[in-house]
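This report concerns only the one structure given below.
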Amino acid sequence: MRASAMTTELLQFTFSGLTVGAVYASVALGFTLIYNASHVVNLAQGEFVMLGAMSTVFLAAAGLPLPVAMILAVLISMVAGLALHRFAIAPARGADPIALIIITIGASIFLRGLAQIVFDKRFHSLPPWFGAEPIVIGGAAVLPQSLVVLAGMLVVLVGLWLFMTRTLFGRAILAASNNPMAATLVGINVPVIVAATFLISSLLGAVVGILVTPITLTSYDAGTILALKGFAAVMLGGIGNPPGAVLGGLLLGLAESFGAGLISSQYKDAIAFVILLAVLLLRPRGLLGGAALERV
Amino acid sequence: MLNRMLRSRYLPAFLMLAAMLALPYVLPSTYYLRVASMVFVFALAAMGLNLLLGLAGQVSLGHAGFMGVGAYAVAIGPTHLGVPAIPSALAGVALSCLLAYLMGRPILKLKGYYLAVATLGCGLLISMVLTNEAQWTGGPDGMGVPRLVLFDAPVRGVQTWYYVCGVALVIGMVLAINLTFSPTGRALRAIRDSEVAARVVGIDVARQKLFVFVLSAAYAAVAGSLLAFVNGHITPDSTSGFLRSIELITMVVLGGTGAVLGPVAGAAILVILPQALTVFHDYEHMILGLVMMACMIALRQGLVPALTARFRERTA
Amino acid sequence: MSILLRAEDISISFGGIKAVSGVSLAVERGEILSIIGPNGAGKTTFFNIISGLYLPSQGRVMLKDEDVTGRPPEMLARRGLCRTFQNLQVFFGMSALENVMAGRHRHERTSALSHILGLRCVGRENARSAAEAREKLDFVGLADLAERSAGGLSYGALKRLEIARALASEPELLLLDEPAAGCNGTETAQISEIIRKIAGAGITVVLVEHDMKLVMRISDRILVLEQGRSLCLGPPSVVRGDSRVQAAYLGQHGTREAHVA
């Protein structure tokens, strides 16, 4: 009896961990796309998640049908992504990596300030898609919305993979990420590619933000901590590595969920970072990062 | 005499000292003295960070954590432990150095963004402890800082703290200049420019990085203690939060990593700007974000180096 | 003649490809030994192993009869081994003089605490280091450029600056990785003169170099590597006549130059 209660609890932690992990993974994936194309670490990535969620809340409150509100919210987030690239990243080309980090943090503070004026400073939620009645799986109570988040994440992953490998434009993005110089030589317009990665990243963030809001709530300042977690997830997996980003995000979510459940809920954010530090000490380039070799 | 001063490597410290002595006669009210004290405090922390970033080329996105240790030491010591403020402050600096040593030993091996995220994590850990251990720290709402008592007389007055902070900054500046032009300073700059070349001439890279990391943590802790005394009330976010860390690194980069006066200029901008922006109420954050972006795009090398280059062009 | 450095049966592979396999070499005190070979022969990799940057997967490195395999470069520097780099590794944010002063790091004795406090002994030490560094700059013919920022120096001057910095650490064994690469005729002649002077001062020199004229002129012995293996070792006259060496270089510009020299 005790053992089965234990199993149920662990299953419970796994589900909630994967749900949060899916959000981190999507933010981390957005990071990776942008990083690969432009070597910019975009710490405003979390604001896309916030923008998607908050816009949906307010558009729906303004009387739009929920699906329309969602689509518009994704578009709003994408406009923000494009604007970020056009007005903050493109003019700073060739700047120091630390200067770029500060620029994206400036952008994140700006977007947060904007959200605080356009929206408000309160917490908001969205109605769950299939009700709030938990489904019991193996004894664990799982919110149907968790399954929506996981399914949504899977759809996004498969969609992104197909886009990257099957379409000409996606292949151009991969080519530009691998070797910008060669890509330019074969006629790929690299600045356009970089702009496209900002667009895709903001879409990713907004979609997951909308899906997860019924569970986690949202507010104008929800983006910062998501950006930090996403950054941590990227580094956990190894920077520039898309599967690493997804793996890092899911692991971070699981670590938090188990840490909060088994050790201390106050220190759940700390547990994620302690694990990150531990991994980096053992593998200085992340879980899926290669070995470092100094070339002289 | 004047000529010697102008050529001296200590010129920035002289300028700073002169400015500090002159300002009270120029500033219209004690409110401005308070703001100036905050500029000095943050300039001191940024100066320590500049030794790490500007001199040794190593990044820390968690430096406010060490500020938090210094700040809470002077609050917790007298309040909970019955230790007088000055020994508490010293203990805070020592603890900050110890933490920097323990954290720095493993993480300073990391490079680039990996070091950035690791230092960020360390800063967050310190901040979380300060937030969660409410019985000691008062939790997210923070705690009051008992007034400093020296020889049975309470140290009070905006003006007194203005001079204390100013003198601390000038001393910090002199020490930083000393370090820059010493064998250790050369070793650190060598590490910044080429780690592998530094190693083959016998520079112990790990040791030097650890040294400068600990030293910069000491600067941050001293600044944190001063911040606590000047403010009289501290919270985890205002002393050790992630945004504080970002503010510190922005001060360094905005002012210019190459110049001793850079952190002072950066601190002046980032402390005075939000004060000036409070008249815009809700638009404060938007404008701060815009200014951060605009400055980093327009002034790549930082304010002070850009200005000195302009000045040299004119005089040449 | 005593052996200063002995590399025994050194091998290393990257991603399954053997970059160096089973190379042995004994460097005698006071000689100038050159390592040559076609591109990709493993010369620089071999250098990186004996200077402590790479850990060999097999074999060991003995410096003055002490096993130093896997010791980091900073420890080798303290035992008297220093090197330069094929791709410039200059401290570009410092003046030429400061670059060379940094090379004196292991001889500077004052403590970090005295550095922060700016004690008088630091001033004296700085003066001493500066004087020594100027001497080394003079040795390589850069005395006039001492105060210049390293970022503003010509390529040939930077190559010599690296040598001066290495000399400042007062090595017994100096490894030069393509000291004349990218230099014009005049600069190469200067470098060759400097290497002779270094050897004349009693410092043992091992160099990797592509310029055959330079190698044939200054070397006491030459080690030829091909595809990570040791092909032949001997004085220039022997190496020049070795049929295997000629075959390895067939079609490469080195052959012609080797004959000319």
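Details
So that you can tell them apart, the chains are marked A, B and C in the order they are listed, and the count of residues begins at 1 in each.
Methods note: a residue touches a chain if its C-beta (ideal position, glycine included) is under 8 Å from a C-beta of that chain, and two chains touch if they have at least 3 such contacts.
Not measured: the values here are computed from a predicted model.
Here the chain at the heart of the structure, going by C-alpha means, is B. The greatest centre-to-centre gap from subunit A, using C-alpha centroids, is found for C.
For this pair, subunit B with subunit C, the centres built from the Cα atoms lie 42 Å apart.
Spacing of subunit A relative to subunit B, judged by their CA centroids, is 32 angstrom. Put simply, the C-alpha centre of subunit A and that of subunit C have 48 angstrom between them. In subunit B, the residues touching two or more other chains are 196.
In subunit C, the positions touching at least two other chains are 53, 85, 89. Contact with two or more other chains is made by residues 294, 296 of subunit A.
Taken together, the subunit B residues at the contact with subunit C in this complex read 174-175, 177-179, 181-187, 189-190, 192-194, 196-205, 211, 215, 258. On the subunit B side of its complex with subunit A, the touching residues are 53, 59, 61, 106-107, 109-114, 116-118, 120-122, 124-125, 128-129, 132, 196, 242-243, 246, 249-250, 253-254, 282-293, 296-297, 300. Chain contact summary for the complex, subunit A toward subunit B: residues 41, 88, 91-92, 95-103, 105-114, 116-117, 224, 228, 231-232, 235, 239, 266-267, 269-270, 273-274, 276-277, 280-281, 284-286, 292, 294, 296.
On subunit C, the positions that touch subunit B within their shared complex are 51, 53, 72-74, 76-78, 82-83, 85, 89-94, 98, 101-103, 105-106, 108, 110, 112, 115-118, 122, 125-126, 129, 162, 165-166, 168-169.
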